[in-house]
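One chain, chain A, links the two complexes that follow: it is found with chain B in the first and with chain C in the second.
What follows is the complex of A and B.
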């Protein structure tokens, strides 16, 4: 577990004869800094490491779980109380229904022949895939594999389970196996074992973080307490039937993990919008939702970007939960056509219970999606009404058109900064847990190049955040580009420059970049933290 | 110390084993795979379990990576390193990771310092272990062919026990990774005199295959191939010379030393014809067995190799000793003088400016002499 007071190596500002030192003038003007916070600021890698040593609480909702807290508050305010939502009862019912089917299906599975078992292991194409993810139960039953069908890999899963349990016998936990470029990463989260096999440049902590996301996605569908309960009831339980449509979510998530910087940085990207428009939207949500009890979060998102977030006073939303919400909306096509009412568990908010979400697109002509998350199961109609009123008001104030325009035109390219040798950058504001980055332009306009660039950012990030030797700044000159990584208390910046740029010019460009972001910060970041 | 052990622990070697994955394939015969296991206080079941787990890991990793070996396994409390120096024969070493005790709300918790243990260093330790074994015994398969399975096990047992008592396997640093050779800086004259001495030796005894001249663990001149020099240098410095110091101190206390065996006190080893068998490359570049003689006097060690076929007689040793004794003692004292002069003039050079220039100029001259004469 890394202490947050990391011993800083490297200088905070490279000394240079003549020229500006980086960031001197910006100490008070750091872009994206805000006193009000609505997202939990996290170094997701520290969290993962911490989680590795402590499990989810796993049991029933304790009196301290956030859901219970929300409910208690509401009860205190109303006369007569709203009554507790009995989540436990409902899950018990779900469990027993599922198990009946599972028994029958398991019997059918056993009678299947295993002659096609080794098929994948002999196919070089399958083996060469850059990153495999396997999920199996602690008893070795296959649950999920990213490529191929999991029931064809029974021996491989058995081997993985044997490895984990052998090591567990000596009261130890297997973490990873290294073979040249290949890394086999194991994450044991009872009752599941997640294994990642990768020969990409992602480092071991990054792979563990990705597996944690996969695990969180499953928790988001089933809740942590349900998982532990199922495990306690029947160790041989076949999870696959409960995971029904989750495969789509997992596949989508895994694709995004490899290419989207939000997971790497632990932050959220906001749709660049004029402050006036965003304020109107936020006010609208507050106006129609503040009187609704038990409503915890109300947010509007679009294509992996956040437009507006309103929250209940005491609770912050964790970026990892927000990523799961993005994933849910992206991967579920059916949301487009209707209003949906679905149980969603947010693992970082409360892993042991469901929030109920009213999820719908704002309008047929608008790609933004409105999510209203509440602890009350029966609130569908209230929320549906609220949504209608919100959409009407937004339309009256032309916000829907504003959103549409923003979606089409707001992506900026690095040319807007006016620094000629700067090619691309990722800027994360630590206090608000939000980041921004420009569109990919030449030479990063092919998927191949973008993948390579992302790999470089991964390596840079790993080097800067290394547990034993963390750095404040790293400047790498390579043959096709120059990379800069810079971490301060307020922000993290990763930039790609032309390979022949001089250090002096690099400093000038970076300063220019920071000034530009500061100027645009009201559009690029959400600096306020609106509450109900 | 007892109190300390509760708050912190340092990395230490848990086990080291060598197994052949093609043996013991049948159920119930898995123990046949094991060629060597340390610590041998562990019972057979534990040994078989560890070997089985290691083998399973290598097979799992080769499913996905066909052209390379499994290198390391990280668990929360240990680090396990793998090396496959010869086909199907694996060397596996497990090191327990050090930990520090920290207080958290739930009570004292052990924080494992996994960053303090580095794969590349430990694998370099394994690699140099194998190199030293190859120097002495050529290879596992060669020993297997020459002496059979039991012979291999016995050889491994004796070699590894002595190696592990003199070398710390669970720690190291960048020098371990490089495992290089250190050259002794010398002035031109002395270097030429050493070269002449060795040439005279080789002319007088044409059966000598290679020579090498060491002073206090630094190499001055070597006729062996570079790879062999590296293994030899390491072996000398870690095993032979320290053990010689012990035998010297023990022999001075014993009263039996007759004058006509006095030459033996300068050769490292036991018996009337003390020599070691090593495998080094001959002129054609092939690995061949040789006899290695070590002549050690006043900090100088001269290594002589003879082809395996040569027979070594006590007269040979005596003649070599007569040739070398006076020359080497003179050389040793000269080198010693130089070294102390350098050490003395070092801090002085930084102080004065004029005097310093002179010294520095002289040293530059020496270095260039080294460069030209070693080609």
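What follows is the complex of A and C.
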């Protein structure tokens, strides 16, 4: 192996002896690389950094919004933001609901309520939660708390708002406060303020990224423009009126953020599937959907993994948007029993308008879920018919069985690689924004051990992506494990190995791993990019 | 005409009402004959179909179970447009839900002349268990139902009480209506968009 030793990766590896450059010969042969892209490819942290720099312009749909583009292309004017109408409704109610005072002030007046809040705030169980997330409006109105009841925490929300406005007064933005083990992270996205309080190992940029996901989830439910409009109309608007039922999505998202590597990596996991089966599925979607106007994306997913994605030419799906779709399906048990028609805003696609989604499981005997996303809100029955045809054809070609078998058997363990001292890994192909990882095996059997491993990956990820000193390779030997992080133009790899592995063997194993992934790449990744 | 075909919707019915008043549970009881006590807010709307045989006539009821949250108000016309019946639900243990029910009743009367209104007080089992739980008077609602020319039912999705009766009545009223043309069930996507024009011709 490693015969030339001049690769950039080798030189940049700070902890690795220069001569033993890893995997040079794999350069042209990197696993999971594809020129055909269906997902917007991201560096793990681009998501976060990009989002910090750009805020939604808010307000109207610009002439260049993707939704408009789809419509122009289809010469169809059927879509309309619901925000307008719900706003009109809201104005009507405004008169009857005259509680026009800032929450902080109201809370200060009401000493009895404050007393209750105090009690709540001092409950050790509540305080010791590993990660709190709070959402409030810019005027201090509570919107959401991960633990407890938000209306019992008004004083706390008042305090958070005060902190934000105090810093805003000096024309600055508060990012974080570090106090001992605790990190207090702020994300100000007008008209909302998101606050995370954590004593986990997650770094500040990682926590901010998580808050960005939470923000995206809310935008996905209401759209950015509706949020802004509502707030401009009424500064003290109680967004909970509109967000009813969304807590479930936020709760589920936050649980996933703490345990699922897809958010950390900014990538999507595919259900490993034989190429022939996947091709048939994709062809079937194309066959019955390509004639349907205004259909932007058609995809089949199951258990947070992608089975197939077909898109309208010119439009890519961002992994962050796909994560929201996963979350929606994952958190909504009731989708299993019916055909559903729902407005969904994909913030990365267009934060200011809705797509309309036909969402249904393929069949009672198949756990995969089909989503057809259109800009035409009148299209339910057209899509419903297409769905039936898709399912019929998939059944004829035994694809439903294929999917069921894959769901049961496709997960692999690290043993398949044949590298004995390798314990677990995450491999992300950057060009396709997809990643793969094995099931947890010993020593990561219990949820607690898995949580620790995830923490290690977060630390490793943070070291590699450190803003002040980004690294291409990290090799850390610790008491109970050896960690390796490696980032190239094409991929990101995070691996844990036995603590006593030699550096030489680690390299051998990692090369073996890359070759193994290369061999399996057609199963593990979707390397084509089908369009309607 | 294959009446068993899922897609041949003969009658469009829409469920409306305040959040968490029990619309989805009512639909679950009617279509699947089951009850799930776990509450999960509906997102957007769910479509389900169920065939009912009344007076020797099989009618496929296409049910739109809409989300109660206010943020979906703007989409509601999509679901009630062309509906033959609206089941407007309120929670008899929550008097606030009546306001919302009246709002929907007005909305339907304003926009859908052809659509009959069926008021449905839900969670009857809670009241039978503990009469003090009742916040909405039956007779007040009966009076209101009369003023809007609608019918009233009190149901329990948990026990199934009155649920079948409610939907049987809806279908009977539809079948018994001389305006109903039973000879030509049509493809739903066609019906939904062209119904009004066709009726003017008759």
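The rule is short, and it goes like this: the second predicted complex is superposed on the first by the 468 of 532 C-alpha atoms of A that agree within 3 Å, B and C clash if a C-alpha of one lies under 4 Å from a C-alpha of the other, contacts with A are read in each partner's own complex, and residues count from 1 in each chain.
The rule we apply is simple: a contact is a pair of C-beta atoms (placed from the backbone, for glycine too) under 8 Å apart; a residue touches a chain by one contact, two chains touch by 3 or more.
Note that this is a predicted model, so its numbers are computed, not measured.
In the superposition on chain A, contact is made by A:333 with chain C only, not with chain B. By the document's definition of touching, neither partner reaches A:442: not chain B, not chain C.
In the overlay built on the shared chain, the residue A:127 is in contact with chain B alone; chain C does not reach it. Of the two partner chains placed around the shared chain by superposition, chain C is the only one that A:342 touches, whereas chain B remains out of contact.
Using the contact criterion defined above for the overlaid structures, shared-chain residue A:380 touches chain C, although it does not reach chain B.
In the superposition on chain A, A:242 contacts chain C only, with no contact to chain B. Look at A:478: by the touch rule set out above, it reaches neither chain B nor chain C.
By the touch rule above, chain C contacts chain A in their complex via residues 6-7, 19, 24, 28, 32, 38, 40-48, 65, 67-75, 78, 188-189, 192-193.
Residues 1, 53, 121, 127, 132, 156, 159-160, 162-163, 166-167, 171-182, 184, 197, 199, 204, 466-469 of chain A are the ones that touch chain B when the two sit in their complex.
The part of chain A that touches chain C in the complex is made up of residues 80, 82-86, 89-90, 221-222, 241-245, 248, 328, 332-334, 337-343, 357, 377-378, 380-382, 384-385, 388. Remark: chain B residues 49, 53, 56-57, 59-61, 63-66, 68-78, 109, 111, 115-116, 119 touch chain A in the complex.
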